[in-house]
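Consider the two complexes below, in which subunit A is the common component and subunit B and subunit C are the respective partners.
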Partner chain A sequence: MTGRRRGRLVGAAEITALLLCVVAFATPWLTHNLFVLSVINQILIATMAAYSVHVMLRMNLLSFAVPAFMAMGGFAGALVAKHGGTNVLLVGGVSFLVPALIALPLGILILRLRGVYFVLVTYIFSEILQLLLFETPHLTGGSNGISGIPAATFLAQSFSSSAAVLQIAAGLALVATVVTAALCQWCEQPFAAIDENETLAASLGLVIWRFKALGFVVAAGLAGLAGLSLVLMLLTAHPSSFSPLSSVNYITYAIVGGRASILGPAVGSALLVFAGNIFSSQGEYSPGFFGVLILLVVFIARGGITGAVHTLWSRRRKQPASLAASTKLQDLA
Partner chain B sequence: MLEIDRLEVRYGGITALRGISIEVKEGETVLLVGANGAGKSSLINAVMGLVPAESGTIRFANADLSSLSCDRRARAGIGYAPEGRRVFPSLSVTDNVLAGAFGLGRARQSEALSWLHESFPLLAERGNQLAGQLSGGEQQIVALARAMASFPKLLLLDEPFLGLAPVWIARISEAIRAMQRLGTTILMTEQMARPALKLATRGYVIRGGEVRRSGPVAEIRDLALADEYL
Partner chain C sequence: MHGIISAGIIGIGLGAQYALLALGFTLIFGVLGVVNFAHGGFYVLGGYVGYWAVSSAGLPYPVAVLAAVVATAALGYLFELVFVERFVDEQLATMMLTVGLYLVMSTGVLAGFGPEPADFAFPVTGSWHGGGFFIPWANLIVLGVCVLAIAAVYLVLYRTDLGRALRALADDRPVARAQGIRPHLLFPLAFALATGLAGLTGAVVTPILTLSPHVGDSVLATSFMVVILGGLGSVTGSTVAAFVVGLIEAYSDVYLGGSKGALALFLLVLLILIAKPSGLFGREARRA
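Right, the complex of A and B next:
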């Protein structure tokens, strides 16, 4: 097996992830089935949130702060749409930048922590933000949330139908995919070094906090885009849409899909959101279902679905080569 | 180049270094030799900033290192090859080597890489292979090259021969000689005194966190070889 190739800007995984966004964007022209459109919209939102988890996992950090940053992005987008402007570029930009800017000072404080302490602090952060959303009604609408959000617009076109909302989500997911791929490519070596041996990486001169802060800020922005998509889909920004416990779902999507490739979050989200909708009549069993899946991944396929597929593919490619070699030996004999 | 004065390092209630003083001059290769647990690695780790000093001072190129973090010490010109190699197993050999040149620009990185390819042909031959798939000796070459990639003024080598077969000890020794020819100042620790003494100009025999004897290699050889079997 060869190592990661330097200088490779776009690989098969990145192209596939981008193509999936394009396919999602084109779905309204292929079908008008509202169930299908809704499920694909949910998958796109979950994928963006799982990208946020994915970026942090690349540095061996498990973040439970995704719902908090989603809430920041969602509420900021809703407020701008109501009081500032509805242009999708403006609303999307604000939804990315607000959580990213808040993540910078927060990251400087909490990125010194490792392991279980980091997990705990990010979870507590999500809980505190949830409380703040309920306790600041003049800004967030409190327990009523923000409703009556006007439809996003672009070039004088209003995106109000379910199909149009899906297309906005697909566009935001495309941006999130490009940002995630660019970050993971640009920081591939430092992220891998931090993931595998942070102390050793520091002893080689790597400024650990700088890369961790960069990853944390971008992850917050990605979650903000997911939050905006969720708000646009629900037509309301409500604190309960950003429950701290929902972070478990996003982490599951990223881990079950596979943490080594950008396709992992997309595959994990697609599979589990689809399964969640199919088994929605037995909704009370879904946490158990997710738990079993995580156990299966931990014990059977630690690289997740994409990792397992990659391993099987590599084995299949090696088999013909070894067969050819043995045939050659037989010929020589 | 490196002056360590009355350095004390503790791990909880255990004192690893008891007021140790050591000096390394420019261009020298200084060997710290001693039995397992003597405090050799603690000293290297304290110089690198991986363990905090309880008291004493560490000065490098006339600057006090005590307030500098580990990464800033590396960028100040200290290269480090840790005990037990510790390569990044999922990165390729080339990426592992370049990890030692994190702070350098692209041009300087490729300069370092082509120079290291010349010095260690193995790095070019196995460039795309995962470092985790190499043998122990090959990993040690990668670790040495990684430590050299930033063109350090001082190179810290912690037990470079640990667990290696004689053929690899000879190859690693040759690699260290190549670094010496380039004028690199080296501070190395080694439990296997015999091959290490052939490379060093001066040495310190350490026992129980204290210097028992120091001086030119010829003067410490007997005590160092006695410690080799402890």
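Right, the complex of A and C next:
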């Protein structure tokens, strides 16, 4: 098994996901409505975090470590912006690399765990990181967090307005989409083999740990980009932005959207973040709404929204074909 | 010396509460193979049912506790029957179902009782004092109830046909089924027993701690820690681990302060999970 896809490299889902990022980037030229800009920014952040969940789900691993890696990326980016440089490429690169590099040794330790044990270890890891953020005030600002983060810059241009921050988020989401699509395409067969039956895949010669480690490292980097976007939007890096249970939200986005395609996390994030904002006056009830959606998806549409649409589309395409076949048979008779 | 003994007494009290919580959690995993993310939700629900029964229905506190147990057990039974049963062999699906239920439950409690902590006070006040120690009666009563409930669970599991059947299902489901044990009848009962225990803990513990819609989050984290330490699915391991966690928490609160104790505990649990996923005391009850 080589792991290389032998078909087309880019499908409709990947193109649509990339186009959505481009549309988000162009939004500030279409509207100056701050509510719209804010909602789109939140959707982009949620999409990047949901990509992280998506990559792990492709290997049948449910990760609760997304907020932990988001915190690493967000705090690393904030520290670099404050003490190093504000260039968006530098800050973005650091936010991807720091969690990815930390994920490598961590992955070696925890990736031999499966199922519920992996879920528990990632949850505990998120709890530990949350406590570490509070216990290391000299580095992270402790309970005050890091504030006064200077605006990111690129080619002498400063991105300080809401519109500019959204464009940075769109750029980062574009990078995250390309990375996720490339990884999922390149590792499609190994990931599918691990998902289907890890023991059988190993017995057929697949080097499981290599692909799992790669997936885990990239998922950590993607979460780091989401963390940076969140920090840039809030203008502060605070531990409360990365609570361990917020991972439930990102898992919900990925599963409600659909696990089979890269479009799933984007659709799930867009729908749920939008709905959450529409009901913002009743914001405390949005977890209940998420809960109902999760129950519905598990019961009715196991493939999530994109999976259900794909199934309906396939049925509609099959119906005319079967009708044509039966007409042909009648003609022959 | 006085401080060491005081912290030890607090630790044993905490350990008894954690044991009651963890027993339900580990029972569901051991018998059904389901990680119940809604366990903290049943704890909160038990607390609020007790609070409502005392403050709105005017029932005496012991009856309110009983009502909490019955309500949470009934909801657990129904949830298993309607939702979990269909997907009982699919770990990811059952995890998502219990996450969904927890979100719905905590939001329901929030909608019904508001975000502010409820004024749910223990009906017994005052302290026992002897040998230079002052221990609130409420804490002693809660400790007594927890110990009795733990003993009752052990009695059910090790001295009744129901318990034997549940343990058989936990050991080897196909063999148990071949022996005539019917999982579709026992799974909802096991779920109800576990959620009833969480409800009982909520009703007796929240009056001495705090009752608000989101206290279930920390309860879930604690349950995770205890069952990992004791071994997922291991009843005895969870009981011992609960007291270990309670004592570590009490001593670290007194001698380390802040969240350093919790951090040390989480790190310990992480290391154990990496080195020995089956926990300190248990065998691997179920292949995950």
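The rule is short, and it goes like this: the second predicted complex is superposed on the first by the 328 of 333 C-alpha atoms of A that agree within 3 Å, B and C clash if a C-alpha of one lies under 4 Å from a C-alpha of the other, contacts with A are read in each partner's own complex, and residues count from 1 in each chain.
By our rule, contacts are C-beta pairs under 8 Å (C-beta built on N, C-alpha and C of every residue); 3 or more make two chains touch, one makes a residue touch a chain.
Values in this document were obtained by computation on a predicted structure and should not be read as measured data.
Peer 1: Tell me the contact category for A:134 with respect to subunit B and subunit C: first, second, both or neither.
Peer 2: In the superposition, A:134 touches subunit C alone.
Peer 1: Could you tell me if A:62 is touching subunit B, subunit C, both of them or neither one (first, second, both, neither)?
Peer 2: After superposing on A, A:62 lies in contact with subunit C but is clear of subunit B.
Peer 1: By the touch definition at the top of the document, which applies to A:245: first (subunit B), second (subunit C), both, or neither?
Peer 2: second
Peer 1: Is A:78 touching the first partner subunit B, the second partner subunit C, both, or neither of them?
Peer 2: neither
Peer 1: May I ask you to decide whether A:263 touches subunit B, subunit C, both, or neither, giving the answer as first, second, both or neither?
Peer 2: neither
Peer 1: Could you figure out whether subunit B or subunit C reaches more residues of subunit A?
Peer 2: C
Peer 1: After superposition on the shared chain, which partner residues are touched by A:193: those of subunit B (first), subunit C (second), both, or neither?
Peer 2: A:193: touches subunit B, not subunit C.
Peer 1: A:120 contacts which: subunit B (first), subunit C (second), both, neither?
Peer 2: So A:120 only meets subunit C here.
Peer 1: Which positions of subunit A touch subunit C when the two form their complex?
Peer 2: Touching subunit C from subunit A are residues 60, 62, 109-110, 113-121, 123-125, 127-128, 131-132, 134-135, 244-245, 248, 251-252, 255, 284-285, 287-295, 297-299, 302.
Peer 1: Give every residue of subunit A touching subunit B within the complex, in rising order.
Peer 2: 1-6, 189-190, 192-193, 196-197, 199-208
Peer 1: Within their complex, state which residues of subunit C touch subunit A.
Peer 2: Within the complex, subunit C touches subunit A at residues 29, 35, 83, 87, 91-93, 95-97, 99-108, 110-111, 115, 217, 221, 224-225, 228, 232, 258-260, 262-263, 266-267, 269-270, 273-274, 277, 287-288.
Peer 1: Mind pulling up the subunit B residues that touch subunit A in the complex?
Peer 2: For this pair, the touching residues of subunit B are 48-50, 69-71, 74-75, 80, 82, 86, 88-95, 98-100, 102-103, 128-131, 133, 146, 150.
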